[in-house]
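Heads up, there are several structures right after this.
Look at the two complexes coming up: chain A is in both, with chain B in one and chain C in the other.
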Partner chain A sequence: MEPVRSQINQERIEAEPPLKQKKLRKRKSWVPGLLLLVPILLFLFGFFVVPMLYILYLSFISTDSLSGAGAVYSLQNYITLFTDSYYLSSLWITVKISLLSSLVALILGYPIALTMAKSTPRMRAIITLLIASPLLVSIVVRNFGWYLLLLPNGTINSFLMNIGIINKPLNLLFSELGVVIGLSNAYLPFMVLAIVTSLYNIDPSLEKASAILGASPLRSFFSITLPLSLPGIVSGCVLVFSLSMSAYVTPALMGGANVPVMPVVVYDQINNLLQWTFGSALSYVLLATTLISVFIFTRAFEKSKFKEVFR
Partner chain B sequence: MKKLIAILSILMLLALTACGAPTPQKAGEQASTENKESGDKTITIAGNGGVIERTIRDVIAPKYKEATGVTINYVPGLSGEILSKVELQKNAPQIDIAFFVPTDVYRAKEKDLTDVITESNVPNMKGVNKDFIAVEEAGAPVFGLAIAPAYNTEAFDKNGWGPIESWNDLVSERYEGRTAFVDITNDWGFNTLNALAMANGGGTDNVEPGIEKAKELAAYSTTFYKNSTQVMPAIQQGAADITVMGSYVIGELALSGIPLKMAVPKEGVPLQSFSATLVKNTPKEEAALEFINYLVGEEAQGLIAEQGFYPVAEGMELPEKYQESIGLKEGDATFSPDVPKFAEVRAEWSDRWNKEVVPEIGKQLK
Partner chain C sequence: MNTTVSDVEIKGATKQFGSNIVLDAIDLEVKQGELLTLLGPSGCGKSTTLNLIAGFLEADQGDVYIKGKKVTKVPPYKRDLGMVFQTYSLFPHMTVYENLNFGLKLRKISKAEQKEKIDRVLALVKMSGLEHRYPRELSGGQRQRVAIARALVVEPELLLLDEPLSNLDAKLRHELRLEIKRLQKEIGVTTIFVTHDQEEALSLSDRVVVMNAGKIEQISTPTSIYKHPKTEFVFQFIGKSNSFEGAVVAIDSQKISVKAGEEIVVVDYDNIIGEDRDISSGDEVKLYIRPENIHIASTRETSAPLELHPATITQMNYLGTSWEIDVSLIGKSLQVLTNDYDSSWREGREVFVGWNPSDLKLIKKE
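Right, the complex of A and B next:
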């Protein structure tokens, strides 16, 4: 018996490739994958990394003259930004509006995603099309549509006044409310699609088991569906929050001068006042705020009692 | 692995080379490029969208091509954006002629982005009304306009509101919530602040009285629009009865049936123009100058006036169809703004406007 076993072991050893060959094969297996990434890496490098580095470089230059003469390297742009309450207030308005827009999109989007997850494939396709259809229309056109609807003598105010709910027009435009309405509408599809992807991944037998064990549909939802869909909720919120933080068109058209969000301030500095260097510093502070907020938000969930869901 | 890293490094270097700023041409090279490129007979123009784009692209360009064989390629954009583009491309210009609002003509000149335009290289400049010239020798005025108050004649008649005789008349409780003024980032807004300063004893050198009056203006307004294109729908939809805008827009809206009329306050309205500037180092300098010369000549100015702009050529009249809404009558006060001073104070005024005027928006609205 013993010689037979030793012979088998010997054959196994001979059949197994040497360690070096194994490593080489392993390396070769990821080479094609890496090559596939080359075009996008090059694209990102040329059209994202290089411009961003250039903007970062500009942010450390300060100049007072129109022609750009007398430029010096300094932290003056950042000092101005952090010591001027106007820019800090603008940053706070941007964060507040982005948080509210994410919340509104979540409240509106979750029921839609839940309906989609429980629908037949045909109905699911129809809802997906309906949800995604606003993305087919230009953001400028959509905002002008909202603008006409929300004007003091626009459709919504006229309707509410005609049926006697209000006796003077509501201030729907040129307010933070107007911007939140516009942003949550614009980014709702991102929220819905992120949540629905999570909901699709939930094993239906879990809900069945919960029902068999006597849990009501509401308890099943709060104990199973909602926690398991948290990754989708977090992704959706991160997407809507980040997009809202950098949104320009909607706050400019729906908020006017009353809602000076950071992207509008950056645009004014760069394109209207030609203060590229200060505008660059503002952009970087906006970017840093977005990244830090997203990091804190995701970490808070990943460390919460539902951390298992994120693994 | 090493091979792969080497390939990646080469590709990255190639990408970097492609992204790098193009090397400026030497004098000798430029001449050869000019000869080569003049063969394709296309010049690129960057200017405002809307009526200016339509006028050049649909009215002037076809006629010019018919006469000279030169194709006009039009790139629409806002004046400030175009200035940024021209600055970014200064080593290898893609734009031959850039249209700017007056302040940007000055800023472009200060940044050394434009070449000189005089009567010697653009002969038709001899016949140009000097009131429309933004900055001497920096550009040719093409689309003449005034920035002026405008009001809804029907609403004024219906409510028995008196005429607008002063820029101060824009500030009134009676227009509460029915105003459509643009933010200071736009030329219409900037000129409004300047005019309010003038009407209250100040001016471009002393904006203080203007800021104080603008606070009152803000208090009766729902907002200051960030984009001038929003003012037109506000007027069309009947959401506003009073505004300040470019005369050509007032004329266009009036022609479309909106009961809108320009008012000329006693302090005067600023005359200005969208000016064509010759982009420095353009390889198509000769063709660009010829086109600019055509634009300020009587034929092109006649076509431009048909679109609601004041003709900049001396002795030409605004067409009859616009006389009622935007026609300047004998005795109407006009002035040429101090454009270099505008450029100098722009950042400071914007800062003060954002911090002192904008927070007052809507405070007097009931």
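Right, the complex of A and C next:
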């Protein structure tokens, strides 16, 4: 009764070139392939690995003399950081804003991605262009554009006051809300493109199968399309979250001193207060927080009842 | 079972994609409990017909009736059908059990009843014990069984299968074909089966619908499709055939004499294929004969009642149970299919071939 050979195996066998030929090809291309990677590996080592290790080293020095002589190695920087409520609250604000930005980008991005996945190739190209166009404008220019909209006497507040919904201006700018608006807007394209990729990968006949079994379009969406697009949702959220955690320009311009997110605080420590060692410790705590959050988030999905989707 | 009730009826359905007329005023009736196959070459509109019945497409003109109710405007999820897709289309994030339960949950029946139905249908497709596997963990044949089980478990009014076996290897395809036939008879569900494999169609069906370029060529039982093709297309599409060209030289009340090359061959009047049965002397015609209807012998004496013609073997292919032998008959190549094989036959050897006039089909050239 057990079928002899599965369809997938068969396809794979047909698709593969004869063994001998394949081996030859592999041996030939292997070494030059690695050689091509040498420049980029050197580049990454020199300009990423070395400075990162140096910053890690600095973070364990508790005096401000950077040269070896008077340096005292300790965990003092980290202890200060975790006992001072200013830094802890900065970390919390950063996480909160990044989570909210991911959520807003997801809520706004999913319908766009869904529309894209269902439209004709021509329409899809147009939407892609529209979605990606903000990336073509410098982030600084865009931030000043938002100023015009969000200032207490800006377009949105004047409009709302004119029609009488509010009687004093909302704190849209220089608030957490402003930063979330800016970040979610800036990183929306990443969310949309991540989700749309996973929507494309869903076999359209699954939705047909679901319909013929009696599921309404809404039901099919929640039972089939949404779960199967989870990989896109997860990678989109991870992207937007990590980008938001490390964003500097948008929080600095949209939040100012009212919203001291970690990258702004780090910049302040290093560039204004010249606290290199403490700034280094702050950077590493930010990095670790991002990595741990992302790890927990993706793990949670990979262990959930939808784990099969992530294979 | 009342076989006069029709479960599905398509009346004058026309479907166009752009300027491409995919279905051209199709009329089709499917009787209760029967297994009907739609057979035809790729692109002839089989899937389109099925999609009209399922409700995934709407006809530009014409209507679809299921159990006497007009469903032309009813969306697929309200039609209560079962469908098996060419690509299996199992939900990858659900176990076999969850896949089968998907339709049942929408039908609001008790948990116990769900389990009972699933157990029953899994036994039916011989997949008991694999309910906690994910589709990824199944072989192609097993996935196909689950897909069939998923369509059956909701006890649909109608079962639609769109080339469900085309992704499988020959042996498995044969095995599952028999199983589908058994299941269908056991449950008695009206079934429409789409295929482009004529062997599959002939072996499975109660009736076969042969389609070509958006039109129905013939609807008949498998034997009648094979033995009494109505059109030239059907004759050529079903099974292999040899063809000759010739001209009518004489006609009497039962027989038509045709001069093909140097030979005069005689054809029964009943064996005219096609619409135009009005043959007169001098008409250009085509003659067809199936390879298995040509007799082949080493000497003239063996098949006494037939008129035998000398021919030369040009190629021999062993097919396992029979031989496919190409012979050259006065310069014309002819394919012969035979079980009686003489070990002295070689390429280049002279043999004798002949046929029964009743096996020759004739069609008038336009």
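The rule is simple: the second predicted complex is superposed on the first by the 265 of 311 C-alpha atoms of A that agree within 3 Å, B and C clash if a C-alpha of one lies under 4 Å from a C-alpha of the other, contacts with A are read in each partner's own complex, and residues count from 1 in each chain.
Throughout what follows, a residue touches a chain if its C-beta (ideal position, glycine included) is under 8 Å from a C-beta of that chain, and two chains touch if they have at least 3 such contacts.
Every value quoted in this text rests on a predicted model; they were computed, and no experiment measured them.
Colleague: Have a look at where A:I212 lands relative to chain B and chain C in the superposition and call it first, second, both or neither.
Modeller: In the superposition, A:I212 contacts chain C only.
Colleague: With the two structures laid over each other on chain A, which partner does A:E308 touch: chain B (first), chain C (second), both, or neither?
Modeller: Touch status of A:E308: second partner only.
Colleague: Can A:I93 be said to touch chain B (first), chain C (second), both, or neither?
Modeller: A:I93 contacts neither chain B nor chain C.
Colleague: Report for A:L253: first if it touches chain B alone, second if chain C alone, otherwise both or neither.
Modeller: first
Colleague: Look at A:V264 in the shared chain and tell me whether it touches chain B only, chain C only, both, or neither; answer first, second, both or neither.
Modeller: first
Colleague: Determine, under the contact definition given at the top, whether A:G154 touches first (chain B), second (chain C), both, or neither.
Modeller: Touch status of A:G154: first partner only.
Colleague: Help me check something: in the complex, which residues belonging to chain B touch chain A?
Modeller: 1, 4, 8, 11-12, 15-16, 18-19, 78, 80-81, 83-84, 107, 110-112, 177, 183, 185, 222-227, 230, 233-234, 237-239, 343-344, 346-347, 350-351, 354-355, 358, 361-362
Colleague: Help me check something: in the complex, which residues belonging to chain C touch chain A?
Modeller: 54, 56, 75-83, 85-87, 89-94, 102-103, 106-107, 126, 134, 136, 138-143, 150-151, 154, 160, 167-169, 171-172, 175
Colleague: Tell me, which parts of chain A touch chain C in their complex?
Modeller: 1-8, 10, 203, 205-206, 208-217, 219-220, 223-224, 227-228, 306, 308-309, 311
Colleague: How about chain A: which of its residues touch chain B in the complex?
Modeller: That would be residues 27, 31, 34, 38, 42, 45-46, 50, 66-68, 86, 144, 147-148, 151-154, 171, 173-174, 252-253, 255-258, 260, 264, 268, 270-275 of chain A.
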